[in-house]
Amino acid sequence: MAVLPTEKHTSPATPHTRGGFGGWLLDPKRRGALLVTPAIAILFVMNIFPLMWSFGLSFFNYKASSQRVPRFQGLENYQDVLTDDKVWERFQTTAIIVGSSVILQLIVGFLLALLFAKAFPMRRIVLMLVLTPMMLSFVSVGVFFKLFYEPTFGVVSYVLNKISSEPFVMLGSPEGAIAGIVIADAWMWSPFVMLLVLAGLVSVPKYLYEAAEIDRASKWRTFRTITFPYIKSLLLLAVLFRTIETFKLFDIVYIITEGGPGSSTETIAVYLYRTAFQFFKTSQSSALAYIVLFIVIVLTNLYLYAVNRRAAEVD
Amino acid sequence: MARKHREIGKAGWGYTAVASVIGFIYFFPVFWIILTAFKTRTDALAVPPKLIFTPTFDNFVSVFYRASITTGTSQATDMGLYFFNSIFIAFTSVGLALIVGTLAAYAFSRYPLRGNDTYLFIILTTRMMPPIVVIIPIFLMFRLSGLAGSYWGIIFLYTAFNIPFSVWLVKSFFDELNPEIEDAARMDGATERRVFFGFCIPQILAGLSATFVFGLILTWNEFLFALLLTGVETRTVPVAMARTLGGEVGVDYGLLAAIVTLFLIPIFFVTFLLQNQLLRGVTFGTVKK
Amino acid sequence: MKTPNLKRTLMGATILAAGLNAAPSFSADITITMAAPDWPPTRFMKEHFDQTYTSPDGHTTTLDMDFIPWPSFYERVAASLTSGEQKYQMIVTDSQWLGAFVEGGYYLNLTDRINEDPELTAIMQDLHPALVSAYSTYPHRTRAQLEEAGVVPAPGVNYYGFPQFPDTYVTFYREDIFCHEGEMAAFQEKYGTNLPCTYEDWQDTDWEKWGQIGEFFLREAGDELAGETLSEPFYGIAYQAGKGYDFSTMQINAFIWQNGGDIWDESKAPEAQAEGVVNSDAAVEAFDQYLSFLQYMPPVAKTGQMDIFVEQDLYMQGKVGAIIDWVGLGEPVLDPNASTVHDKSAFGPAPGTRKDDGSIDRTGNIGGQPFVLTTWNSDEVVNEALNVVKWWLHPDTQIEAVKNGGQSGLMSVMASPEYNDLRPWNRAHVEMIDWQKDVWHIPEFFEMLTQQQEEFDKAITGQIGAKEALDAVAEFQQELLEDIGMIE
Amino acid sequence: MTIELKKLTKRFGTLTAVDAIDLNVGDGEVLCLLGPSGCGKTTTLRMVAGLEFATEGDVLLAGKRVNDLAPRDRNVAMSFQFYALYPSLTVAENLAYPLYAEKLSAAEISKRVAQVSKTLQLDGILKRTPGQLAEGEKQRVAVGRSIIRDPKCFLFDEPLSRLDVQLREEMRGEIKEVLQDLSRPTVIVTHDQLEALTMADRIAVMRDGRIEQVDTPHNVFQRPSNLFVAGFIGTPQMNLVPATLKGSDGAGIAEFAFDGGQALKIQVDPAVSQLSPGAKVTLGIRPRNLEICQDPVEDSLSTKIDMVEPMGAETLAHMNDGYRDLRVVTDWRVPLAEGDHVHLRFPPGVTHIFTEDEQVLRSAT
């Protein structure tokens, strides 16, 4: 804030008196722009510029492992990517994993939030137990869940082997492998959803619940008419954030299954990694990344549309 | 129905017991990791899995020391430095993002520009890009600017990653405040600086704390960029952690668990301290009365 | 490792950026930064360098090793090279990466240097030809092609790398079980042949017996094993069958080669085909044989996750009687802190396919890593780096390396009388190294490998059959290689 | 149907919010719980509703002990201070809300909603959500929601506190009218005595968790049973003047001495004879009962006008003789000037005497 003028009276409407460049710069008319500048500058240098760079690359046939001079080839990369069955298969896998993981996170996060919505002794401490998973690194979550699932050494396998006579080989089938990844990811990030939902629950005025109790509303009706409206926007926010992040899900998949069995758990993020770093199809991977970005932007806009429409209804 | 029921929203120790059991089940994988930190490799992989064993602190020693190949003497692993790096880099960059983001959020909220929403959306967009695609340009940029391997390089990068989140969240807090009070303060002769620091900031402190914790959680474990952009002396714990994942043996579960356990402590502590703000902060702006 | 210093680091960035490209021509201070995976063989190199190296040219030379965690090693190196960071003067590399990074212009062609420098020539002559073929040549030349030339270095061949850690896979087995009299007798009775107990027994072990061992030692909890009652299931055999990296290809290639099949042969490009070779009847039969043993292995094999580390762990925790794994992973087996079988283990050559004449073909896929020089170094740095190469490949250094958990590719070292006794697997390693061939080295190798691992994984997890998998691999490779002009 | 509270007590930790109160509300009766904030009136109401639990004592609804019943099982209707309208529902849905539990047909529900909305003039706003309503409308919806079904009793928590003065007056009338038709026991919690005086059949004045007096509005006002009630009820506040009894004649003529040497001989309740001369008492007289006269008389005090506040039809004058303040309300036409010396007459029979234990001294009627 040191850049702000120090004069005693600087209501936004008052013209500034200092002259020169400093005066021009500190003119209240420019204050908004001035305040935004540092953020935009950092973003531009660190994010937007590299993004544009790779956007440019996506129209060439550049391979980082080749000395050949890159040739401009227009939309060919986009065409290649979009007509590649492999890519569509990976998108499908990603959709399944994102969908089931986000839904599971919502359910678990929601139930946890209900659990912690009540005030009870030691809540602060018990809540920390549940918040911890999202503070772990992806790598450690991946490694230890893989160990839990391991048929010989794993805790989960050990318990299940005691119950059933068949050896537990969860990651051996495509369905099992997807489940394994979804469980690990949902375990890690349900607390995030819980936090958002809990914040919503805490914000519901208590008297509404009392009124509903007096009005003899059923639990379900109370939830539907009081609780849910209060947490709806936060739930949507949770869905938005988690969808964006799960779309990028890489480490957990790569560690737990490496995309296997076959390619049944290979998400678009893993495939992107392979294309860019293992196959060195730098340009093609940029094109694919922009398609991913496009999809996420569409999803985000759908979300924002839903939220705004609701806001319009209320007004 | 003659059973005594509880008042709405309050519960007693019985509830605590139930919640603790559920909480602990949820926590169990973490508990297992912490337990593993005290196990030898053989105990860590024992079948049946061991809950009771003779704890060893070797893993914790190995976090910081390892034996030389040739002489067998113990050498420092520099893990202490990596812990310092992680804390320094994460706190600085999240703090920086919060400051820069708060300024921008204030502007977006109070001095809307033409196309405000578009700018905001572009800012959010940078968060959606799969990171893999910007790695090569960023890597090259870092090399050209001499930022590779330096603290400031990785700090600025993380700052950039945290800005979208900070701007969006903090803006929603500012939007909740009543600008009339600020105008009233201006009428009373308060400077812009006083309006900002004296009126706005104190009111959204809880929100700022929540943003800080969220940013910290999202930054704390970042791996890919840290791997590629830090040097030997600016390396962070998640990168150093990877040395336990394979080499001469597969995953060194005990060592990994020890590092994870130690690495959990700072962020756990911060989250615990700011827990109340975390809950209050999130509600700001997102729930309309 | 140097004492970390915050201030120096903050200042160091600029100095580093400014200083690397133009190495001063008459300075006596040379720093060689080397990208190395973080594991004992490279740590030894660094420590031993600091203890023993003096520059023959009178420079003050620092070997600055950037120890990168193994699992992230490839990413870190690839990002550094392709971004043009030019940070490293030397790099430890997997042999398969040669093509990609030579074509990218990052790895330095040393052919002329080797030709001009008699010391280097001598080293190349002493290195085992299988290693030279796999670790040094690009475009790839097979051992046979090199030997045909009759001279080392062979004319018309480009040389790049030197062995940092030459690796082969051998059999790790439980002496206490395989040499248990009761078990031996029972095995003899059941199969009419002996349970391999001594090194010589393993020299005579083929895949058929490997399968019998697997079947024989498949025990439930409650069964007896070597006179003791098991509380958990026990398995006889394991080898790599993992989806990751090359963790099934390395073993499957052995089966295919031994059975008379082949992979796409880059040394015969552009005539060599993929279609019809990769999915030949011999290859399918070999792959089927590989798959047929999985049923005897620990259940993780069914998930396609039995990589080289998982089988090692299963062995070290006493869940499996014999595994085929890299010599580089042998050291922990002897470590009482990591291994429950540290005092019960012995090592033999890996099984192979019995030929009509009764001999056993053990053709295998070489492992390990060479190290290379990079292209942006000044002559002075290159010269000094080659001094380091000579120091490293000096027999005295190599013997020390072997003593400290490393391996040597020098035939003179392997032939020295003390060598076999330095580590318990050395005899098997020497025997195996003669059989080694390598997978492809072309820049597209990763794309081929990934697709192949995927198809193999489907077969391993029982989703498709051997033929289907190899057909898919062949079709993919044919198309890809035709696209890039490697097949005409 | 009745509400009975027996030795009802609520403690929060060491704090006793409600202290063993007994109270009956008859069928069709409107009882106001009146008291300053923190006196325990809301807690009492919430215990009747079942939102708080009695630490001791019983709550009986229609003769049945309901202590252990959840609010939903008590069949009470309650209107909350902040109305507690469900923000996501329309007015019509809010009104219908309590009916869902009764499993009525959709037709029946809409019939009742129509009825209530007609009674409370909500027809025009049925489709709006609470966020779009004015305060008065919200209040009416809250009332409507509580009267839409047939509960055992009605409970109102500060029903009018958020309305402006005019609206408050209007609503007072409306609510009173509605309540008369319903003829159920009703408890209204308020801190506004005007509200209590106008709406209640009886008022229970509370202080510190205890009931100080339960009586009709008239009696609470005219015959306060102790110093607290006397001081709490009535605007402007009753004058409470410490005095010493000099003597009395048994027929209620008593003489009092005041600090500063003035004395007064007035007619009070004959029970004053129970006191012996020299007893410390407090005299209570409403500002409207004091008469201003120009010349001193036997039952007058001389004082000086300190400040004059015109209140429209009346004038409030603050008097001070150097020892005590006295408030007087007179017709606006009486000319008063600040600084004037005047005499205040205590007319016979309107002065209350409170003994040292703050209880009123009054002979049984």
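A, B, C and D label the chains in the order they appear, each numbered from 1.
Please note the rule applied: contacts are C-beta pairs under 8 Å (C-beta built on N, C-alpha and C of every residue); 3 or more make two chains touch, one makes a residue touch a chain.
Keep in mind that this is a model prediction, so the values were computed, not measured.
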- Query: Hey, which chain ends up farthest from chain B, C-alpha centres compared?
  - Reply: D
- Query: Quick check: more C-beta contact pairs in A-C or B-C?
  - Reply: B-C
- Task: List the centre-to-centre spacing of chain A and chain D in whole Å, with centres computed as mean CA coordinates.
- Result: 57
- Query: Roughly how many whole angstrom separate the Cα centroids of chain B and chain C?
  - Reply: 39
- Message: Among all residues of chain B, which ones touch two or more of the remaining chains?
- Response: 8, 45, 47-48, 135-136, 241-242, 245, 251
- Item | Touching two or more other chains - residue numbers and ranges from chain A | 64, 152-153, 210, 213, 277, 282, 314
- Item | Where chain D touches two or more other chains, by residue | 51, 70, 87
- For the complex, which residues does chain A have touching chain D? 205, 207-208, 210-218, 221, 225-226, 228-229, 314
- Item | chain B to chain C touching residues, read off their complex | 40-42, 45-48, 58, 68-71, 75-76, 78, 81, 135-136, 139-140, 143, 146-153, 224, 227-228, 231-234, 239-251
- Query: In the complex formed with chain A, which residues of chain C make contact?
  - Reply: 74-75, 78-79, 82-83, 100-101, 103-105, 232, 243-244, 298-300, 302-305, 310, 313-314, 317, 319, 443-444, 446-447, 450, 454-455, 457-458, 460-463
- Counting only contacts in the complex, chain D reaches chain A at residues 49-51, 70-72, 75-78, 80-82, 84, 86-89, 93, 97-98, 100-102, 129, 131, 145
- Task: Give every residue of chain A touching chain B within the complex, in rising order.
- Result: 1, 4-12, 31-36, 38-40, 42-43, 45-51, 53-54, 64, 112, 115-124, 126-141, 143-145, 147-148, 152-153, 155, 158, 187, 195-196, 198-200, 202-203, 206, 209-210, 213, 230, 233-234, 237, 244, 247-248, 250-251, 268-269, 272-273, 276-277, 282, 285-286, 289-290, 292-293, 296-297, 300, 311, 314
